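Structures follow.
Both complexes shown next keep chain A, but they swap its partner, so chain B is in the first and chain C is in the second.
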Partner chain A sequence: MATTHYIEHYCRITEGRISKNGTLVFESGETEFSDFIKSAYKTLRIDYSKFFKMDSLSKLALVAADLLLLDEPEKNMALVFSNRASSLDTDRKHQQSIQDSESYYPSPAVFVYTLPNICLGEISIKHRLFSENGFFIFNRFKAGNLFDYANSLLAMQKAEKVLCGWVDFDCEKYDAFLYVVAKNGTFTHSKERINQLYQTL
Partner chain B sequence: MSKVYLSHNNLLSAYGFDSLAAITKIKQERSSLRLIDDPNILSKTVCTSRIVTEKLKEAFGLLNPKESYTRLEQLLIISLEKTIKASGLPLNERVGLLISTTKGNIDALDTRNPFDEERAYLHVLGEKIKTFFGFHHDAMVLSNACVSGVLAIATAKRFIAQGTYDHVFVAGGDLVTKFILSGFNAFQALSDAPCKPYDKNRTGINIGEVGASILITKDSGALAKESVVLLGEASCNDANHISGPSRTGEGLFRSIESAMKQADVSAAEIDTISAHGTATMFNDEMESIAFNRVGLQDTPLNSLKGYFGHTLGASGLLETIVGMHSLHQNTLFCSKGFEELGVSEPLNVIDKTTPKPIDIFLKTASGFGGCNTAAIFKKVAE
Partner chain C sequence: MTDLKLELKEKIIEQLNLEDVSITEIGDNDPLFGEGLGLDSIDALELIVMLDKDYGIKLADPKEGKKIFESVETMATYITSKKAN
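Moving on, here comes the complex of A and B:
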């Protein structure tokens, strides 16, 4: 019989608000994402020297992950993320830099962020995680796929815990919802519970 | 857990439109890399492997498409059509679709591209493939840099193990685009000659284009003759740098160790390695360190980049399929472009295609974001 797993912690970043386990931890009226995430980074005392070199998707993912990983001793923590827009925000920037031969200036610093899994690399570096990574693209948040994949990693002992969720950045709209699946925790790990936590802001 | 098999497969490449077309030429040590001058993709000469557009159009026309499809969609659809047909499987609720790509229809971002920018969303690509064939479930798109192809195979197994599906069709592809070439060129990583993985005189990577597809199934009946069992797989991050591999090969070392443990296979039992071998200084060096740390320095090893170039999101899938045929034909394929060892640790790079009884191979890949994946496959006993 399959072992029951639990959702230990969860967090959400969207529409100017950041919450952890349902409690608001940061709020800002900033309308630009870059200003909002900069304020959050400072207020939440996140410390990562590369932060300001990262693209928006990585900033969003790193701040969300930090809420759940800062006090987390477990390092065998798989990262299973998903979104809708992949790295398109940065892809468009790279495309702009090569669109016209008269203003052709591709930059390695931009190009490297044209992959969605780069944010998993940033989180792994900051938290010293040598763990399983996977980045999926779906048309919308899909609890079922994340649920099955996290269970599979835990059942095969590929990880002790799994940091799962959704980090999407597209046309200045941002939405992050991450949760930790573990052997102990507050909520039973189920598709219904994941959807419920995602739908309640 | 019941076994998971890799079975019917197809490679759509510059060599031809099925796996054997490529295998035949690889056996003869013939590269498909060519020098081309195409200002639409890069302002200088590029060494690459591309599928001939006229042949692609002709093959796609035979499938009677009801709407317009992008070049990448055509590659994936032609390849998948052949694999689905060979499998004879009905596409019911027990069948999944997994697409492995790094950039998908990224060419749709170019203002000169006839397709709408919306087409660059990877889920739209997934939807197009799903709808063409009438898959029951939405496509899952995996985009995890250059490990995507091997990780997709591992992922398919994991969903099968979890009971989500009984069979998963995995399709992988990426295009040779201005987007990609300009980026790698900005990194000064592109070679303007055929690449030479692990060689002392290597000058960087080539980017290539293939469409690849395979059936991954728990059903041991009606397998393709070159089928293999996936014994173990793992994917570990370097936690070191987003665009450069670890100096100690940490993530790759851990991936191989974890895959070996799950497979219950020792280093001595691995007959051959299909490595990543991009022919960049940092990658090849990192791999030599990781393979030595795990005790695989004497195991015959190749990189297939000298035949196809680096095919990005398809590469791990492509190279696994070639590895399956290598086992089936009991032949070690030459690591094209290799002459003299140019990494600091010893490696047994295959310098000539050689017949040899082989049963088990290791496939590895590494990519941006510090990701690494290893998978171990065993021939299905006949």
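Moving on, here comes the complex of A and C:
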């Protein structure tokens, strides 16, 4: 018989709002993502020395993860993230810097973020996680894939908990939904529940 | 040279995204790496690109960077000497 797992906490960041477990924790009218996330970073008193050097996707992922991991003692926590745009927003910035052969000055600081899973590394560094991680590219949010992968990691005892979800950034549009799957928690871990929580701000 | 040092401080803050650092907080002889500004290896690469892009100086040997990027003072001295040649 398959073990039942639970969703311990969840958070959402989109359209100027940040919520944790369904409760609004930050709201801003800033129209530019950089202003919004900077304001959130300062208001939520997140502390990470590299924050302002990171690309938008990593900033989004780090703030979302911090909401769930700040008071989390478990370090054997796998990370399973997904999105639609991969690192396309940063890829474009890099492409622009190498477009003109007469002015060919690619930025190393931009280039290092031209992979979506770099954000997992930033989260792992900040929270000192040495655990399994994976980043999947889907055309839309797919609860089923995340559900299966998280269950598999827990069943194979690859991790005690799994931080899962969706972190997407492209052309100023941002959407993050992360949740922690554990042996105990508030909600039963199911595809239906994941989809339901994703719809909740 | 004072103007150049000021210019370098502005460029370092802007290009390395040192959000909470002001020009007055960077002393001419403060170490840029380690206990000083805390710059890392990616920042070092950015400084090499900056030398090329903004001052037309290409580092033939990246190992030179360790001494050149010790502080704003050493950077300014290096740029001035290269421009004089």
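Quick note on the criterion: the second predicted complex is superposed on the first by the 201 of 201 C-alpha atoms of A that agree within 3 Å, B and C clash if a C-alpha of one lies under 4 Å from a C-alpha of the other, contacts with A are read in each partner's own complex, and residues count from 1 in each chain.
Definition applied: contacts are C-beta pairs under 8 Å (C-beta built on N, C-alpha and C of every residue); 3 or more make two chains touch, one makes a residue touch a chain.
These numbers come from a predicted model, not from an experiment.
After superposition on chain A, the partners chain B and chain C are accommodated together without colliding. In the superposition on chain A, contact of A:V25 is made with neither chain B nor chain C. Within the superposed three-chain model, A:L44 lies out of touch with both chain B and chain C [touch as defined at top].
Once chain A of one complex is fitted onto chain A of the other, the partner contacts of A:K158 are limited to chain B, with no touch recorded for chain C. In the superposition on chain A, the chain among chain B and chain C reaching more residues of chain A is B. In the superposed pair of complexes, A:S107 makes contact with chain B and with chain C alike. Of the two partner chains placed by the overlay, only chain C lies in contact with A:F52; chain B stays clear of it. In the overlay built on the shared chain, the residue A:D91 is in contact with chain B alone; chain C does not reach it.
After superposition on chain A, the vertex angle at the CA centre of chain A, spanning the CA centres of chain B and chain C, is 80 degrees to the nearest 10.
With chain A used as the common frame, the shortest Cα distance separating chain B from chain C works out to 7 Å.
Taken together, the two complexes place residues 106-108, 112 of chain A in contact with chain B and also with chain C.
Chain B meets chain A in the complex at residues 43, 102-104, 106, 109-111, 120-123, 126-127, 138, 140-145, 151, 155, 158-159, 161-164, 178-179, 182-187, 234-243, 250-251, 254, 258, 262, 367-371. Taken together, the chain A residues at the contact with chain C in this complex read 38, 49, 51-53, 105-109, 112.
Interface of chain C with chain A (complex): residues 16-20, 38, 42-43, 45-46, 49, 52-53. Across the interface of their complex, chain B is touched by residues 79, 84-86, 88, 91-92, 94-95, 97-99, 101, 104, 106-108, 111-112, 114-118, 120-122, 124-125, 127-139, 142, 145, 148-149, 151-153, 155-156, 158 of chain A.
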